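Every chain is named by a letter (A, B, C, D, E and F) in the order it is written, and numbering of its residues begins at 1.
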Amino acid sequence: MKRIDLFLSERELNRVCKAITAAGAKGYSVMRHVTGMGPSGEISEGMDFSGLGANAHVIVFVEDALLVAMGKALRPLLKRYGGVGFVSSAEPL
Amino acid sequence: MKRIDLFLSERELNRVCKAITAAGAKGYSVMRHVTGMGPSGEISEGMDFSGLGANAHVIVFVEDALLVAMGKALRPLLKRYGGVGFVSSAEPL
Amino acid sequence: MKRIDLFLSERELNRVCKAITAAGAKGYSVMRHVTGMGPSGEISEGMDFSGLGANAHVIVFVEDALLVAMGKALRPLLKRYGGVGFVSSAEPL
Amino acid sequence: MQSSLVLQNLLSAPVLFFFLGILGVLVGSDLEIPSPLPKLFSLYLLLAIGFKGGMELAHSGLGPQVLLTIGAAVLMSLLVPLTSFLFLRLRLDGYNAAAIAASYGSISAVTFITAESFLNVLEVNFDGFMVAALALMESPAIVVGVILARLSAPAEEAETAGEAEDGGGSLRWREILQEAFLNGSVYLLIGSLVIGYVVAAYSPAGLEKMDPFTEKLFYGALCFFLLDMGIVAAQRLRDLRQTGAFLIGFSLLAPPVHALVGLLVSVLLGLSQGNTLLFMVLCASASYIAVPAAMRMTVPQANPSLYISTALGLTFPFNVVVGIPLYMALTRHFIPVG
Amino acid sequence: MQSSLVLQNLLSAPVLFFFLGILGVLVGSDLEIPSPLPKLFSLYLLLAIGFKGGMELAHSGLGPQVLLTIGAAVLMSLLVPLTSFLFLRLRLDGYNAAAIAASYGSISAVTFITAESFLNVLEVNFDGFMVAALALMESPAIVVGVILARLSAPAEEAETAGEAEDGGGSLRWREILQEAFLNGSVYLLIGSLVIGYVVAAYSPAGLEKMDPFTEKLFYGALCFFLLDMGIVAAQRLRDLRQTGAFLIGFSLLAPPVHALVGLLVSVLLGLSQGNTLLFMVLCASASYIAVPAAMRMTVPQANPSLYISTALGLTFPFNVVVGIPLYMALTRHFIPVG
Amino acid sequence: MQSSLVLQNLLSAPVLFFFLGILGVLVGSDLEIPSPLPKLFSLYLLLAIGFKGGMELAHSGLGPQVLLTIGAAVLMSLLVPLTSFLFLRLRLDGYNAAAIAASYGSISAVTFITAESFLNVLEVNFDGFMVAALALMESPAIVVGVILARLSAPAEEAETAGEAEDGGGSLRWREILQEAFLNGSVYLLIGSLVIGYVVAAYSPAGLEKMDPFTEKLFYGALCFFLLDMGIVAAQRLRDLRQTGAFLIGFSLLAPPVHALVGLLVSVLLGLSQGNTLLFMVLCASASYIAVPAAMRMTVPQANPSLYISTALGLTFPFNVVVGIPLYMALTRHFIPVG
């Protein structure tokens, strides 16, 4: 199996989750209120009150075969709105 | 070493943590307020107020030798209450 | 690429983030309010109100070449203040 | 008269904020009350209503009518799950029927509070001991629900369930009673009730100092919380596709039917108008806090989205919007004034 | 006189707590108001100000001056982004210019509230319909900002943007209007305004019960929230290195210039002293809540740290500390007393 | 008389809610006040107590008795860590002894507040400058604690500690002073005190508007917070196995011993009954907020579960339940009325 880790702004979370399901993943998990630093600067919790939110961390475990479809669905979103994605290997427990 | 990622309902968290320690793990980390989607539907933060809670994400790093014991301890809990578990490889920093 | 997972007390978070950037990482992500158990005992959310805080989980994706520098920067901090770090392999999505 | 009651309810601030929450979800606003703020309001309302109830209980004392009413309430929370279970078994498996039945035997504190503030606006009196009835209706329904689930479980499975991790049925009973009586919301409500009683009886100077917190702030906090409840209830509406017509029918018919039984009991007990409305609301409402939390642990085979979406997505809005003024109209018809 | 106004503002509890927050960041205190507590206060203030505004609107009614003032406010929220955009284009690309322009066309509810409580302390009257003006100035500025961004986008990019995931420009317009009109804070403010109006008109008994929550608690909650705003604003100051002298100049000059235009309009409309101050503050303030949230989604090419740090790090403190008493001094000079 | 004081304390709402929290943990209820809600109440109480103290300080002025009392309080916060350290070194290593000593030299704001509300119920007066004493006792104890830890560190280790990441001891001193004086809770308390003073002196109109927030709500919020403190304190009781009999003895004996010293000082200073009780409570209480946070950073070699569980799990409940009425009985015996 593959494990995909996405970090992106909470604002785009809905859109990304929809893309994940549309690409065929059977499940995903989301952690909100994530802060961090990336190519486009620092994200703190300070603006959380404003509805602008912090980052979200999305984890998706998928069959190897689905990886290509996931990449195709997610890369444009990350490119357009910012955010990063990484892939590693995993097995069911 | 092995890295085990568990996603399950906050309601069962105590039980799972006890099983982890009982199986011999020296440590674990827990993130609560996790939302997501899985075989048994969508979990949102909306019901958090009710004590029903959202999901929790539990991460356990264990020696390779302990993996079998962990699987034995955790799989019945995940089966009974719902939730998923994944394993990958890691090294101490 | 390498994925580094750090678990440490929120109190030391600033210091660790500075060390990560100083060691040359281009980004990192932080989850706060993490609870758990480790060599030095159990950490619950109960003391969060006191400013003592819970744990933080820091994730850093770096090029393989940077791993040594990261280890050098982070190990002394983990040793001094407590906390653990793990490394695994990953690829960009 | 009835239509004016409906309007008076619909145009009250709490119900309007409830609508605002529902509407927000329907039109796609991103308004949300982030976790754990709803929990703050939920804890606050339980603490305040418990404290005030205990305070009034100390003033009214534990006379025979008080005890009879509370007894009748507990009885209802035992009977309603049984009859509901029998009805639900027509279409559902034992686990789901038991979990939903438990939910309808138990109560919704927010519905009760909304009814109280409706009575306040109408200037109709009610008694503090009704809060004690509220507090004591949660646990029995849970216990009945678990027993029903166990009885309807296939024999071998019941065994395994009991033994799985802790090696014996006795231990699981401990867990069930714990979920039923020590569930956070039940515990806080009963605890605050006792504290309100003790403070009123032994250090009444404290009552006045609590007043701004438990009394003055209450109405506004209820509005804020109902805004969130509207959001949450509307989000649950989506799950109803999965629920099916049978359960939708049940969740809209059970409240008035149970309310009518409550009315009958109230007439027999000779309750006042205010107490009758509250008694009807207790019977008519379904739990989406204590019971789901307990069922998730004790009957994991049941599907949470079934018992939560019926209780929270349909029965709760029905009671808050239509039920309360409807029950009040019935009350006025059948119960003589004071 | 002006200097006494400045002092009266500086030594008021809300502004002092705002300073306490700023100072905390500057000296390196680890004081923080953890998320989502600031959101609680932000939601509360919007709900309370909306409710009170609606209530007063019900009392004053929707006469011609009310409609004219609201109309003028909406007009300002359309014009200010246009002129600001033209000016900002001197140095910035179209996306960033459009996003910042939208922010300055829109309003800051907290600045408005601080001005209201300043008027309360001075015992100067103002009208509830100004809250309606506040509520209606958010959305138009967002729409104008998005249009400006689209117009200044290279042709092909505009295409792709529209098609990327949802296959058509029409769908994106739906999203823009949703962000403009159904943004959580806009929605809650307008919703509470309507509820305040309805409750005041149809069930006035509820007003008194809301009073401890929406009115009594307000001043203290504002202090608490301004403490957090001070922290957040000071954290934003760090981003100003990136911002450059041009934008710093803009964020300090735009408020008084827009306030002067607002003063002119107020004179033409014949507004009272209190309403004039509020109108000036509406023109002078810039949004760091609704607009950034909307721009992030609809103009992702713009750099959030530019439009947030100017509006929140400079314009907001300027208005709260210097602007409000300054505008009040001008008001007193140009507007005859009641 | 003493037993009636104990009862009056035990049956007050704040202490009853404290018990409710403790009991919840002991019987296994899942009641919890999720993070960051306790922080909200903790910040609120500090802000409110600081503001009220500053306000009263403005009225009473900074006369010689005020300055003497504050001076004596600071002195106590320097001496108590020294004597405690010497005693604790009998069994503990230098790091742990220093961290625990710092905790007992410092104060617990919640204990102080509980004592204040006890005095309010007894209708015994006290002065606002005692809050200034409270605020100024936190930092010195921290500094003394760090110095003691450094002095008792093996020579080489002290070197490395200083150099580790920042290459010099000077930098670490900056950090220590920052932790001591700019710790979030210390900073908010002192800041609110100053603001309360300034507002009372220069814009008294604001006082009345703050009153519903800082004064009226206070008692109820304290109850809510003590509910959580009960939960947290009881959770800490589990750690006591690790703590050992010596520390358990210390944490139960130190409060009355330090309170007696405080009584002596109060007699010498000629304090009123109310101020004497508060002075004793300041001496008797131990910090589980500012000091642990500072020690974790500056003396990481000490084991947090030792200094937190003694201060929070034993000393705090002891003072709240038994200590306050006991100290009051002593006060009444040794201090003449008014």
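What we mean here is this: contacts are C-beta pairs under 8 Å (C-beta built on N, C-alpha and C of every residue); 3 or more make two chains touch, one makes a residue touch a chain.
Note that the coordinates shown come from a computational prediction; the quantities given were computed from them, not determined experimentally.
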Path length in steps (a step moves to a chain that is touched) from subunit B to subunit D: 1
Chains touching both subunit C and subunit E: A, F
Chain whose average C-alpha position is farthest from subunit E's own: B
When subunit A is superposed on subunit B by its C-alpha atoms, the rotation angle in degrees, nearest 5: 120
Copies subunit C and subunit B - interface residue numbers shared by over half, same or different: different
Chain whose mean Cα position lies farthest from subunit C: D
Between subunit D and subunit F, centroid-to-centroid distance (C-alpha), Å: 41
Chain centre separation (subunit C, subunit D; CA means) in Å: 44
Overlap residues in subunit D, where contacts from two or more other chains coincide: 30, 34-36, 39-40, 183-185, 212, 216-217, 293
Numbers and ranges of subunit C residues touching at least 2 other chains: 31, 33, 45, 51, 88-89
Which chain pairs touch, all of them: A-B, A-C, A-E, B-C, B-D, C-F, D-E, D-F, E-F
Complex contact set, residues of subunit E against subunit F: 7-8, 11-13, 16-17, 20, 23-24, 27-37, 40, 117, 120-121, 212, 216-217, 219-221, 223-224, 227
Of all residues in subunit D, those that touch subunit F in their complex: 35-36, 39-40, 43-44, 47, 51, 178, 182-185, 187-188, 191-192, 195, 198-199, 202-203, 205-206, 209-210, 212-214, 216-217, 293
Subunit C-touching residues of subunit F, taken from the complex the two chains share: 34-36, 38-39, 41-42, 164-165, 183-185, 228, 231-232, 235-236, 288-290, 292-293, 296-297, 300, 303-305, 308
Complex contacts: residues of subunit C adjacent to subunit F: 9, 11-12, 15, 19, 33, 40-41, 44-52, 54, 76-77, 80-82
Subunit C contact footprint on subunit A (complex, rising order): 4-7, 31, 33-39, 45, 55, 57, 70-71, 74-75, 78, 84-89
